[in-house]
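Below are two complexes that have chain A in common, paired first with chain B and then with chain C.
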Partner chain A sequence: MSSVPVQATNPEITTPPDETGSTIWRQIKAMMSGRLIIALILVASILIFAFIGPFFLGTGDPMKIVGGLYNEPNSQQWLGTDNFGRDVFTQLMYGTRTSLYIGIVAGVVATVLGVAIGLVAGYYGGWVDELLMGITNVIITIPSIVVLILISIAIGTKSITSMAVIIGIMSWPWTARAVRAQASSVRTREHVDLAKITGASTPSILLWEIMPYMMSYIFMVFVLQMTSGILQEATLSMLGLGPSSSISLGIMLYWALLWESVRTGAWWAFVPTTLMLTVIAFSLYLLQASLDEVFNPRLRRK
Partner chain B sequence: MGPPTTFSPLAATIAFPCNGNWAYLYEPLFTFNMLTGDIDPLIGESFEFDGTMSVSVKLNPAAKFHDGEAVTADDVVYTYQLPERVPEVPWAGSLNYISGVEKVDDTTVTMLLNQESINPGMVRSYLGSISILPQHVWEPREADGDVIAYAELEPVGSGPFKVNIANPEQIILERVDDWWGNELFGAPAPKYIVHPIPKSNDDANLSFQLGEIDLSQSFMPQIWKLWEDQGLPVATWFREQPYHLPGNIPVAIPNVHKPGLDNPLVRRAIAHGINYALLAETAVSNFSIPVNASLIVPGAAEDSYFNQEAVDATGWTYEPEKAIAILEDELGATKGDDGIYVLADGTRLGPWKASCPYGWTDWMTSLEVLAQGAKEIGIDITTEYPETPVFYDAMRAGNFDIVMNSFAGASAAGPWQRFRDAMDSRGVPGIGEGPAFWNFNRYQNADAEALLDQIAVAEEDAKLDLYTQIDEVFRTDVPVIPLQYRAWEFYNINETQWTGFPTSENPHTPPTFQGSGVRVFAKLSPVE
Partner chain C sequence: MSQSEPLLTVTNLTKVFGSGNHTNRAVDDVTFTANHGEIIAIVGESGSGKSTLARMLLRLSKPTSGSIHLGDLDASKLKGTAQKQYWRDVQGIFQNPVASFNQFYSVGRVLQKTMRLVDHPGSKAEQRAKMDAVLTAVDLNPREVFQKAPHELSGGQLQRAMIARALLVNPKVLIADESTSALDASLRVTVLNKLVDLRDSREMTILFITHDIGQAYYISDRIFVMYKGQMVEQGPTEHVLLHPQHEYTQRLLADVPRVGDWGTQISAD
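Right after this comes the complex of A and B.
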């Protein structure tokens, strides 16, 4: 498990949504039998498991001690107990929920920052572009996991949200570069000139004339950022740098490693968690790849 | 981590095996025996107390250092007097109990007991933990300057081993073939002792499991699976719970100056709410029996002072309904809408934070069990795990609700020091006046302090009664809440290469790396 640099997928400039909204919908419908359906089912299952599951299954409180050290799976505790004697199945539901939350927050932060910086750099060009891209390139060269580890050690109070924000702050550069490339192309189009002549303000041009051309890309990059955020949290927490009093998939793995679940044969303490992380990452990548096909005419023709 | 930069027993950070309790390279006068609770002869042949005035120690005339020089009364006097000149030496605390040392002849010394704090038990403890230094080696260094910082790379001790190799991966000790104690105590069988410096606990445990380590003192959860499920030649002292010989009692320390926690009945209710059996199973992997309401460790060095009848009569066990009865009937507390009790004077029972250092997994689990038990009886306790230095600063300053800590383990001073640590306010700065190094919650009880003074000078046959009395004060006031028993040292044996290690079925040597446990090397033989 390691941080995944969120590379620009296919910075293909799509047509504006107002012209082809119904076309996209038709295309989505046409793709519904393909891998998009699998991806959507998987993502929906994960969401149901994490957000609705706890109402019906498990002990209701992931921190509640219900058994002994590493009790084997049984009829009461379907996935046994962890080192604290807490129900692993319940923890898995709550841990998945936390990990998704971290992914969404980190994804939003990284995407918003990346898009904002990329748009400004691409639109203005000149020294603004050079300055912003200079900073971006410098940040890209710094291994983000090292910075994340240092920040996690440095901040006194750790919380799920602060961790997600930090991950987001470290993850925007690739997005910024891709968005900047698209923005610098779109800004030369006629409708942008037209907007300038009619006296539209710069923020308005960025928001309404340029950004709509990359909405599909932004959405896909958000999915990727989210996946990356989940995996980075798992990495950090597994190293013991997460907020230990919370439950996330990474923190579950941290305790399992610390309490030697592998050596003692308590597979239920780490296998379901690892599988869940894999399934989440796989589902989100699949979703991103299948959406790519929906949005990108060239891929679709293939 | 690099290799030790000094093998000096004076260093601020003492490397293996130079601590005074280790009798491998340097040797103290006597060694602490975890099985008997007493000290066994080594350089000292015998000792005799002259009432509470002094103790006379007879040295073994055969004892000699690795360079061939005899260990004499001069070396003992030099070592015991060193903290008077260099207050930074690790055994400087001995001056509180031993005020002077005099040479009688080459093999006899007399130590004067400090009349301001007479305590033969603590004196015995120091006799078993101060390494005797060769005066002819250390005195010239003292004259040259800072002995604490001296980089001792060719240590001269009197023990059965000397340093062969030290690097970041391991420290290798080599047998001293002409060790003076060979005839008296038996010559060690292994030519070398390799002390690996593992990267982590599970790294060490895996090496142990693979038979690469013969003896390990790391915490190995569910170690019994290695012989029960995998049939490995692995053992611990006992074949079943608690597997290891208990030697200490980690406790929860409530701040007795916080409203609510200042009430002994509230503290007793919390104590009734803790599921000690669950705690023993989860937090310490069954390496403890459910703890008793006592500050004395049963079943080992302190067993003769443990009064089970008294514990049963006035102690507490896990009984949540009793906790609720105390809160409602004895304290007149009423349960708020949030499920938390409020005392008659309006004091809400919580929110309180129970804390221990982050990463101390067995303690963290203990506090989770405590917090969950409290929640079930209507007391609001949550857990918090700060970084270790932050935790210690807060604990020593008295700035906490509930902290977990361990007091003095088993020693030749008996449980006296643990009671002192928990209940003696003398010499402890008040909250806000400076850091405390024991009695962190600044508990004060004149009866307990009087009993401590009596126990310190009591004859052996009077001690059971006195310890029962002070334990009774502890049970009445609940200044701390015992949570689990802890092994003095975990003692994991893997007999793939060597056999002959002690177990409870064959207790020829105490199961400790330190103290009298060093005698084990003479009992080993290679597996055919």
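Right after this comes the complex of A and C.
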């Protein structure tokens, strides 16, 4: 039997590669960096805190009055009470949930708009490109926070969702510019020409031939847009432009400022909220940065 | 359409890039005809306009002026269904086999998309049989390559898969733009022979665009020489190569390395 010695000397050739689970697992392991693991743990903790926490902890209703004005943290109310005597810890869980929801909605709106406008501008070029990029550049030069404040005052942000949509509508231009640059480079690839002479329609070329090359970038942009959406909501709500009937991290800060928690030393009304905003923003930035390493192997550390 | 009539007629085709003082006449007043079952080599250096010509013939780029006729059909103002019909008759294979396949899709998916262009009737199994047949025709094992992603195949395999894709359409005219330039020498001959086979078995007209006069000589019935956007010389291959009229063609031929010259140089040293 001549095959036996070959098998003995060349195990990696004669052993068929395991093409099922273990290959995928190995790929996942190769992509994992310390930063990515920390980012994933942080994001998962925030999600558990906001979405599962309320079932087990707190008072169950963030609007329920459970004590007096600015009760200090105690065994019942772990982070004390706010200016209305509501449990801060419960509010923090629900506020985080609202802020994440705003971030996701604003992120989706900004990403979809930015990607669509960037793709069309980059793919068509010519006057379509000039027109769309002209509009984009005009919007970029307007300080968005000023416009957000004006729009919020003008239409009166009635719900969390409408506020998130407005934030999204103001945040797409940078994405559009970056996507345009990528689209105008991918469109010159020969597989795009091949799809054209196969009779593919323009929307199908944009969707199936060009967009797949940007998916990693689009996902990272979404995470960034989500982060900035959360922070912009906090800014607007803190200025009193949020829907004060609901609860978000920004609205919690608004009440804390309005009812002089800083001057009266009621730190539990604003410190946990501020910390939570910082942790959310940090975790999402870390996730985005470590995903960048996953998608660009050149950035990986040895 | 009778066999004696030209299949493809190109008249005064011109493509100008840029505007104002910074114009570039990439293709300048090119006129030619191509007949059924003929292999024509379009030869020229890079920047001579041969790829722009190919793109216009494939309707990937709009001519500035001039016309393209496929038989009696004026191809300059095609849209929608008529445009698709034109692509059923005129297909292309490109220079870079790796860039010609979207890295996210399998070879099989590219072929399936192509099936839609030609509206092949029949069940899934029959369609699959047709796709397998074209892959076999270019010496690829369908069971091996159908599900494979482009990065799992070599450049030569991908180039042949691209020819298989064109075969699925079974066009009257096949435009091969530098289709062998990215290949190893041994694979190059395989692909060239495949193209000759296609002409012989399917009466396909092939426009073979190359910068390599050796390949042009190997494959073509007629040679067109392009220089600075203009078609400076056209004629039967042997005739053009033995009796080049235009100065540029003469220079092009003088630049071809010859084994004989090399031998002389060595002996002179």
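Basically, the second predicted complex is superposed on the first by the 268 of 302 C-alpha atoms of A that agree within 3 Å, B and C clash if a C-alpha of one lies under 4 Å from a C-alpha of the other, contacts with A are read in each partner's own complex, and residues count from 1 in each chain.
Everything that follows uses one rule, which is that contacts are C-beta pairs under 8 Å (C-beta built on N, C-alpha and C of every residue); 3 or more make two chains touch, one makes a residue touch a chain.
Only a predicted model underlies this, so the values are computations on that prediction, with no experimental measurement involved.
J.: Tell me which partner A:Arg189 touches in the superposition: chain B (first), chain C (second), both or neither.
T.: Once the two structures are laid over each other on A, A:Arg189 reaches chain C alone.
J.: Contact-wise, after the overlay, does A:Pro212 reach chain B, chain C, both or neither (first, second, both, neither)?
T.: After superposing on A, A:Pro212 lies in contact with chain C but is clear of chain B.
J.: Under the stated touch criterion, which partner chain does A:Phe84 make contact with: chain B (first), chain C (second), both, or neither?
T.: first
J.: Can you tell me whether chain B or chain C touches more residues on chain A?
T.: B
J.: Considering only the touch criterion stated at the top, classify A:Gly199 as touching first (chain B), second (chain C), both, or neither.
T.: A:Gly199 sits against chain C, while chain B stays out of touch.
J.: Could you look at A:Gly265 and tell me whether it touches chain B, chain C, both or neither (first, second, both, neither)?
T.: After superposition on chain A, A:Gly265 lies in contact with chain B alone.
J.: Considering the complex alone, what residue numbers of chain A touch chain B?
T.: The contact residues of chain A facing chain B are 63-65, 68-70, 83-85, 240, 244-245, 255, 257-260, 262-265.
J.: What residues on chain B touch chain A, complex-wise?
T.: Against chain A, the touching part of chain B is residues 201-202, 205-206, 209, 220-222, 225, 229, 278, 281-282, 285-286, 358-359, 361, 364-365, 368-369, 372, 383-385.
J.: Spell out the part of chain C that touches chain A in their complex, as residue ranges.
T.: Residue positions touching the partner: 55, 58-60, 83-84, 87, 91-92, 94-96, 99-102, 104, 110, 113-114, 116-117, 162, 165.
J.: Note which residues of chain A are touching chain C in the complex, please.
T.: Chain A reaches chain C through residues 189-191, 193-200, 208-209, 212-213.
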